[in-house]
Amino acid sequence: MLEELKKKVYEANILLPKYGLVTFTWGNVSAIDRESGLFVIKPSGVDYDTMTPDDMVVMDLNGNKVEGKLNPSSDTPTHVEIYKAFKEVGGVVHTHSSYATSWAQAGRSIPCYGTTHADYFYGEIPCVRCLTKDEIESAYEENTGHLIVNEFNRMEKDPVAVPAVLCKNHGVFTWGKDAHEAVHNAVVTEEVAKMAYRCEVINPDVKPAPQELQDKHYYRKHGANAYYGQK
Amino acid sequence: MLEELKKKVYEANILLPKYGLVTFTWGNVSAIDRESGLFVIKPSGVDYDTMTPDDMVVMDLNGNKVEGKLNPSSDTPTHVEIYKAFKEVGGVVHTHSSYATSWAQAGRSIPCYGTTHADYFYGEIPCVRCLTKDEIESAYEENTGHLIVNEFNRMEKDPVAVPAVLCKNHGVFTWGKDAHEAVHNAVVTEEVAKMAYRCEVINPDVKPAPQELQDKHYYRKHGANAYYGQK
Amino acid sequence: MLEELKKKVYEANILLPKYGLVTFTWGNVSAIDRESGLFVIKPSGVDYDTMTPDDMVVMDLNGNKVEGKLNPSSDTPTHVEIYKAFKEVGGVVHTHSSYATSWAQAGRSIPCYGTTHADYFYGEIPCVRCLTKDEIESAYEENTGHLIVNEFNRMEKDPVAVPAVLCKNHGVFTWGKDAHEAVHNAVVTEEVAKMAYRCEVINPDVKPAPQELQDKHYYRKHGANAYYGQK
Amino acid sequence: MLEELKKKVYEANILLPKYGLVTFTWGNVSAIDRESGLFVIKPSGVDYDTMTPDDMVVMDLNGNKVEGKLNPSSDTPTHVEIYKAFKEVGGVVHTHSSYATSWAQAGRSIPCYGTTHADYFYGEIPCVRCLTKDEIESAYEENTGHLIVNEFNRMEKDPVAVPAVLCKNHGVFTWGKDAHEAVHNAVVTEEVAKMAYRCEVINPDVKPAPQELQDKHYYRKHGANAYYGQK
């Protein structure tokens, strides 16, 4: 069942330690088959070293397990909400990658200080608030997903143009058209988090990059007039 | 004698350089066999590269060597006090891991700024005071153990829920149900020390994570209602 | 066509990930054959892992592709301007290397705080301003090149003595007598950016190294009286 | 000639890149044969990758080359002065290791903030002043050696108890009873420089470790009453 997708999700999960984004089991990747409405996700708390494609868990968008001998990631309900609300998203990643999580712990969005950021994210990477006591105590992971979706709606952010979010005092979610692109965006989030951190130390009065430069770089790589790469 | 435990303690010691927690010989791991009351510990000042399971030293809880051709770690008396006072502890680790030791040198406890921390430690990782001149000059390492134990008692901290401590101007001790878990907690201590450091640079006015979020993550992984992983 | 140069440019590009200067495809190296006026450059958006010498693109100094099945780097027009203005330059590198780009994002030139810097760069590594809206919207990459050249002229900086520049809110360009030396200078730029960052944290009132020390180290390695190395 | 010593000096030099203390050729190690008064040193500007034991250069304490086809390190006259003044020293290392050099650039001695430092260095690692214009312009490297020796004399520091020095705006010299120990001390210098840097960020009002703790750790490893290790 969804063998091809399981393999891709497995490989995308394995990229997390390869890129230095996770310690132990602190991260997970999923990807969805939009036709069937089923998605494949990493099992909970399983080591990357011993994991196999067969360990991947198949879920539906009601959060029910459809196939798999292991429990899915405890963050599964957050993935569900992202897939349900963001229709263009094909893959979702959650990590506690070090610099990005430091921004999340600090409760700050990552400003766009340069073209490295603008090449991938249109504007700042937002940090959404902590959940309330009530939201935490009932359906915590699902409410995390609701909050992300609601905040993107409220801020009128296009999840395709801003494929990452920080959750205050928690960690990072990124997404993309598939699992591989979602991991790619997780790597970029960590890199821009690192450079933004250092940038503010070097110049505490630094301002975000001019809007026209952000536009230039974002649209150099995205949309009808993109001219970066071999497309 | 305790061949199985020697092998495990050896392997746990080898993990210290693997995880980047030690430079040269700056660290040691021990584990106890609660039935016999004997524990196995790394020999003092021996290189991780050349060490073998046979080099491990067997000690009793009076601090006497029971077996082994080499001297035990000079920190052995500290391990003894931890085993004597914290009955649930099966393994102890001492390191000078870089970020955690920077907090220890700074004389500050590591606040719980997020769920990475809360997943493993209930509340801040405490930094205990320096020993007095008298405590240093007589039985320094034993007094380090006494201080850790006394401070946990005074602060009414459960060593199972807070399996790590910083010693001011010195380094880190962590523990766990066995040597492997103690090393695991040493890795997590270093990771949360790193993120807390950066977090405070990003937002000097940052506050600890809300108590309800700390509770949620700690009890998601620990206790009767835990639902993380495959248990 | 220019097979030898393609191989050298390929190898120099491969050094970028080897030295930790690039993530994904965020960098490019070119080198020029001054006799023919043609230069060889990395193709745009191609992975370092799968790239071969044959993928290199041959360009002329009017920015026309002379040979190659792939599109050249989108930064090609910047390379063109550097080659046209700086006649001693044989190779050019562009990266978003982490510390140097943090300085670029912060909009600050890197002061010469020590002999590591002075051994390679005579005086500070300048950070040139952002392009204006007009400059960005028409021929962005070419205008980046014009700006670098104009600013070096205005500041009366010799590009041989200062083989690196930061572009505000963007990244780094370095150059040298060939592709290999240009990469070498990119490594040094990143190292001195890292040390200057930390140096200012350690002593916020730090001043640049005395001019006589800068002179000593620069001329120990460069010019008629150099005595470093085996020359 | 001194084949054994050449091999040891070669191996000690190779440790510099292995421990991450040097970029390119930015470092050198020497060791002395006190009986003959000759010392062996790395050749100038030669890559660690291609260097062989045969490339090592034999020098006397008047700074004359005794054997070797290559030029000795340009820092040779500094090594000479250290050997001449510090009779217990058998090996000398010079690096631009990143954190320690950041302290040198900042013009600050590294305070003893903890036992990691106290285990190896008795008190702060001093940063000596820049050379004057006159000292730089005549016999720069020799004057660097004179300054180090004079400052240790003036501060009444025992070079055996403080086997490292920072040279303002420049880099680091360390030494030891042989080349291997000198490299070991270079590694420790970098580690304590890193932790002292972070420590001051975590607590800007941090004070050095209490003298009695520094004494305890230093004398736990050194002198007649040492009990660390297997001696």
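A, B, C and D are the chain letters, set down in written order, and residue numbers restart from 1 in every chain.
Here, a residue touches a chain if its C-beta (ideal position, glycine included) is under 8 Å from a C-beta of that chain, and two chains touch if they have at least 3 such contacts.
Please read these numbers as outputs of a predicted model, since none were measured by experiment.
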C-alpha-based rotation, chain A on chain C, 0 to 180 degrees, nearest 5: 90
Most widely separated chain from chain B, with each centre as the mean of CA atoms: C
Interface residue identity across copies chain A, chain B - same or different by half: different
Distance from chain B to chain A - Cα centre to Cα centre, in angstrom: 33
Intercentroid distance (Cα basis), chain C paired with chain B, Å: 46
Set of chain A residues in contact with two or more other chains: 200-201
Chain-chain contacts as defined at top: A-B, A-C, B-D, C-D
In the complex, chain B residues that touch chain A: 113-116, 184, 187-188, 191, 194-196, 198-203, 206, 209-210, 212-213, 216, 220, 227-230
Chain C residues within the chain A interface of the complex: 23-24, 26, 43-46, 70-71, 74, 96, 98-99, 101-108, 130-131, 133, 136-137, 140, 169-171, 197, 200-201
